[in-house]
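You will see chain A twice below: alongside chain B first, and alongside chain C after that.
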Partner chain A sequence: MENALALKEKKNVFRMKEAGVLIALAILFLFFCLTTDSFLTAQNLLNILRQVSLLGIMTVGMTMVLVTGEFDLSVGSTFGMTGMLAGIFMTSGGMPVWLSILLGIAIGLGIGLVNGLLVTYAKIPSFIVTLGMLNVARGFALVVTGGLVVAVNDKTARDVAGIESFFFIGGGKVGEIPVMIFLFIAVIAVGFFLLHRTIIGFWMKAVGGNASAAKAVGINVNLVKITGFAILGALAGLAGIINLAFLTNVQGTTGQGMELNVIAATVIGGTSVSGGEGTILGAVIGVLLTGVLNNGLILIGASSFIQTICIGAVIIGAVAIDVWTRKKQ
Partner chain B sequence: MRQELLRLVGITKSYYGVKVLNGVNLNILKGETVVLMGQNGAGKSTLIRILCGLIQKNDGRIYIDETPTELSSPAEARNVGIHSILQEPMVAPNLTVAENIFLYSTYRPSMWTYRGKAVSRNAELLLKELGISMNPDAYAKDLSMSQQFLLFVAMVMCMKSKLIIMDETTASMNAADSACIYNIIEAYKSRGNAVLLVTQDIQEAIRVADRIAVLRDGSNVGMLRKKDFSVQKIVRMMTGKDEGFLPRETVRIPGREVLRIEHAVIRNVVQDVSISVRAGEVVGVAGLVGSGKSWIAKAAYGLARLDKGNVYLMGERQRAYSACKAVKRKIAYIPEQRIKGGVFGNLTIEENIVAAIGKKISVAGFMKHRMSRYVSKQFIRRLDISVQSERQQVNSLSGGNQQKLIVSRSMAQNPVLLIADEPTNGLDITTKEELKHIFCEMAESGVGVLLVSSNMQEILSVCDRVVVMSGGRIKCTLSREEALCEGRLAEELY
Partner chain C sequence: MASIIRFEHISKSFSGVRALDDVSFDIETAQVHALVGENGAGKSTLMNILSGLLTQDAGSIIYKGAETKIGTPAAARKHGIATVFQELKNCDNLTVAENIFLGREYKNGIRPDWRGMNEKAQEILDSYGIDVDVRASLHSLSVAQKQIIEIAKAIDLNADVLILDEPTSALTVNETKHLFENIRRLKEQSVTIIFISHRLDEIFEIADVISVLRSGQYLGTHKAADVSANDIIRMIAGKDLMTQYASVADRDFISPKKVLEVSSLSRTSLVRDVSFSLFEGEILGFYGLQGSGRTELMETIFGTQKKTAGSIRVFDHDIQKSTSRKSIRGGLSMLMEERKTNGLFFNMSVNENIAIIHEGKISWHGVLNKRSMKRMASAYISQLSIRCSDQRQPVGKLSGGNQQKVALSRCLSTEPSILILDEPTRGVDVGAKAEIYEILRRLRKENHISMIVVSSELPEVIMLSDRVLVMHNGCITGELQGDEINEKSILQYAFNETGSNTHEEVSYESDKERARY
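Then we have the complex of A and B:
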């Protein structure tokens, strides 16, 4: 027993909570390295990172919401709506880029706040609130554009201040590395500090672990939950805007179904749906796992239908491992 | 000599190395009612849960009709004819009374179809036979708690059984409904069956029992026959004759008032209660289950909203009072339910100890891990919590150590007022004594303590004043001297 604990103290990789997914990721990685020639190239690996960075930014936020014991289905719609509104602000609104970005993120934050307020003060289950918000935000995006595409390019936003920097965010590179990846890493770093190094993160874990005990030690449970929703909303807004900068055009249906991918990556990363358990490191590994799986399956020529099946199986497998290990404890 | 229905020999059960039952013997004859009594934590519930097959004994033997029997699951207990009515009525709230009875009864008017009218008629007959007046077509969720219990008793009566176990079934019932239960018990045992009843109410026990078995700290203290029943004798057996009256060396001089509750009303549970606690004194709130004593603790800590009345802290009236505000005012709280309301199972020991002192362990929101480790180590040593590492998960600790963790959490707050709700419930005797000492120490260092407890010994050994509650009201307030006076507290309490 003493020995086992000593090992734990030293942060043995195999005793970490994330060990299961990490091993799965390593096995997949090796498998694709061996079966394809094109997987293990700098270009492809950077590609994977770029592909997952938008998903990853939201997963960081989703981890926090799940840790507080709540749930958010509205991120896909928030993602679509904020990107679209930021685009409209720039093109039809003629606002400078920095203001449009800021407003976009603020709108995401606002949606998160509304979710949080409805869950905590109106005491509606988060599943229902965010399911409703999913539809409301999606519908709003469709109404605003009338179902048309919003494009931000040299034609529509020629005179907008700072438009070059906007395109740089989406498509630019520093050396060989896309800017998007840096943004993803920045969000990971901030998320890590917030959840694991600040008192807010500590409160999130406490609230998710035992809400009534958290109340009994004087933690403002509602405020903590709302903070989680607001952070996720803002991050979804950020991701939506980066998406617009990358694609240069979005439509009312952008980001549809994305919420499920975000939740899948979060859960694969070992975050418990019942609250209290979850790490940013796990979230990152979960996102990478889905990215590697998708990319690798394309390279070995599997159809997109097969990919869907694989992702589904991985979700169930990951949670099964989580449940089993918990039972053993 | 009547035949023996049940015999328990040397039943032993321990949790995490703490013995909660230590060689308990009990026998029940056919056609009698045995009442099981004991203070909180005496092991009554554990014994019952073993008889229901909900948990497994570590040692000992169970004989039913003189054949050795293993009760390894609830289904097995039911198969041998043991049915139980525990503290929750197990009725389906969205079904009607008749439909609930139909679930348990063998009455089937038709093979394939459900015939509502026939089922309803059948239920009506059954209820009449049992002497329960209840509309068979009413929904169970519309019944009062008391009536839901009656319904559940009727449901259990539908099944074939030899022994029915009732765990404080009548605690939340009104007089008429409990009388109904007593009649049902009489009729049931006259058919050669037996009832094992657990209750805290001595008057009730004397009224219905043929014999009374008393447990204390997980062991038999004795078995009383009908001719020996007396309130005094039972109280003495439950509490242990001269135990627990700690001689107090130091004299406490109470300081200024830290908490005052004035004319508190919480709908249905608390009626016009006023209590005041001064710095450096321990005020006890004694009462049985359902007396509303827990609500006083919750109200004092801002966890329950008062419908009427006010809470004053340090003489200042609190508006929109909440637990967050209470913590800011340096008030600590030990909740009644350790697992449900106290411990963070997902956090480490260290994190559990510092959970209430966010300000002290963070600078500008950033955690100072060194500080929290220092604080937790200090308390682990001071309260002698047996842990391997402060990074250990809380779930691996015993109940006693978990409770010490919660106590150290509130001590870390450096409180001016400690509100403790049944803090020694379900703990072993050594830990109980340790915690009592801690509360006394805290009071002597100038902390006001509000101790809510149904354990008389505990109240008598640490409190300066005792407020006895019953039915949501204050029944009387006793000074320490009055309470210690031979059996006075017991008299008021039971």
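Then we have the complex of A and C:
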């Protein structure tokens, strides 16, 4: 009995929803291993991980929002705006670094809350709300700086002691591994726990699957959706601040267009745009796939224009595989 | 008589499961040929092959004497085979006329000839006695009206063969009568009609011959005049079910204590000044035509919709602002009418669907405990004998009967004292129906649950209920007990034959309200 059960579990690994993307990732990985010498080196692989960390942090949040059956286009702007404001708080604002970080994340969370409230209580489609927010937040970031660059360094920042540790978050390493990667892994762990192991994650799946049934069993549908938006907003804020710590300077246009990469990675990971389906594992695989593709294409000398074409084709291909396999079932 | 269609050794499988297994029979010209069988017996698969949506794995179709490969819906239409699907396939955003002529628009050069189409559409509808403005947008119509328009559209294709898949499931008695008149007229014009229905009374009323399918196999064709409903049920189910359908009603279980008392309850114009009581241990039936306000009343009592006046008392507690949460805590539970749209989460597993209501029991400080979820579900899976290959299987993949049992499990998991069941056996096959009746009987006998059963199937209401309340136009128009409960008196109250008939208007309104959710 125990044995039979174990067998069943094993079989399910290959039948997993993520199996398709995972195979695609493996094929790409192999392809770049064979065609280039520099791909399969510890340094390069760590590079890929670091490069996708910020995208990945937001993808975890985006997966949750998509699972509830909603959509968020404003993450790129939130990412840019929070990093910028945190930078201003630290420099001309004269605030301690820790407070600037917290405020930055809180602002991201606030943007998410506003998105959520407008979608649920004002009943405006999330596509429209977040398209509007994309512009509002972007415009705000540009107005605040007057289009100039905000640079954080030990001269501009008041909190000189804090700035050291701030830069450690962005550019530091533990052993050979960039700190950013640890943060990404932490977000994955928390995201996994939230979506797959807690009642709120369970409700997200229910709300995205059938909102009216969720209402009938007494789930506060609006609250669940708002939670999704707020988590994504906070994660976008976190990513924006880490980005500031890494680059040490940001401008009004930072993160422009990033929302599309986040959505692309989420969808490649098998999350359904119509809600109710999606996993953190899928999101991580989706993020890695885009990272490996970008990195590998650079290594084989493809231009950045070609990369864009490839990513686009992968999005369509990934969803096509998803649709076909679903049909077969 | 000549046969227009001959199925020869048709087989079709879906991912290893045989849906049709070597099916051969004839359909004769200008007859109403009923096709019966449980859900999953293969009726729809066979009709989908005939209408070009599916292609058979083996076997052939001889159509008008020649072997014909149909293959696509367009080809079927060209051959003169028209289909009205159970789940309506039309565009809600277009007008009635636009829907009727969709894909074959009249043209003035390159411009569509709206006036011509509107006139022709009105003519078609008038000739079938359908009172609808062809310029009205389809989403303003009731389900029944849409269904009739779909049928009118199929008829206008000048089809030789008309397939009607459960055409009456959303129709009222009157509308069904009208439809049958039209079917008879078509038959006189030598149209062959294939009629799929779960309602045996209708089949015996309209069909000339009846073919039975069971688990993908053809069991035979019989002249409707030569067989009884019992014979057909035996063939469909493979066993004699009528004995299990013995009345559940039993006044011995009822105590004089009132568990639910509704007084002067209103909800806009959908429910008007309704008062009644439910006694402990009683099964109270609610009957009414579509749009009579049955579902709306239950939603208001359960708290998913707001009342506008009146009071609800559950176990001597006045319920002021009721919500579904509060009702559940108060001992109420409700099985929703449309399990697909209001009840179940098709993307989630059997376990999750059953346990979802109990966040307290399946989680610890918000952290899910899948094992306790499984334990909770397992109890009901065995108690209600839910058949699933794996408890983690998505509910959407189960059969209708098992889905309904999952929905019922969730209702029972709150250990209610009062259970409201809205259409407990809709979209459920004959075998599962009997099982559900048996479960209800047991729930009352062993768990002493008082029940309200809302149903649009008269035999069901009659068989289950100790007492029947009949609704019409948002009001209760009649109360029947014991021997008074029979089809004729229930229908009399349902049509409110003493009062004026404003039923159409109401059904219109309630559909509009429903459309908002």
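FYI, the second predicted complex is superposed on the first by the 313 of 329 C-alpha atoms of A that agree within 3 Å, B and C clash if a C-alpha of one lies under 4 Å from a C-alpha of the other, contacts with A are read in each partner's own complex, and residues count from 1 in each chain.
The rule we apply is simple: a contact is a pair of C-beta atoms (placed from the backbone, for glycine too) under 8 Å apart; a residue touches a chain by one contact, two chains touch by 3 or more.
Note that the structure is a prediction, hence the values are computed from the model and not measured.
Superposition model on chain A: chain B and chain C are shown in a clashing arrangement. Touch criterion met: A:197 reaches chain B and chain C at once. When the two structures are aligned on the shared chain, A:71 is found in touch with neither chain B nor chain C.
Of the two partner chains placed around the shared chain by superposition, neither chain B nor chain C is touched by A:79. Comparing which residues of chain A touch chain B with which touch chain C, the overlap comprises 8, 197-202, 205-206, 208-210, 212-219, 276-277, 329. Residues 1-2, 5, 8-9, 193, 197-203, 205-206, 208-210, 212-220, 276-277, 329 of chain A touch chain B in their complex.
Residue ranges on chain A touching chain C, taken from their complex, read 8, 196-202, 205-206, 208-210, 212-219, 276-277, 328-329.
Partner chain A is touched in their complex by these residues of chain C: 15, 304, 323-325, 328, 334, 336, 341-348, 352, 356-357, 359, 362-363, 366-368, 390, 410, 517. Within the complex formed with chain A, the chain B residues making contact are 301, 303, 323-324, 326-328, 333, 335, 340-347, 351, 355-356, 358, 361-362, 365-367, 388-389, 391-393, 395, 409.
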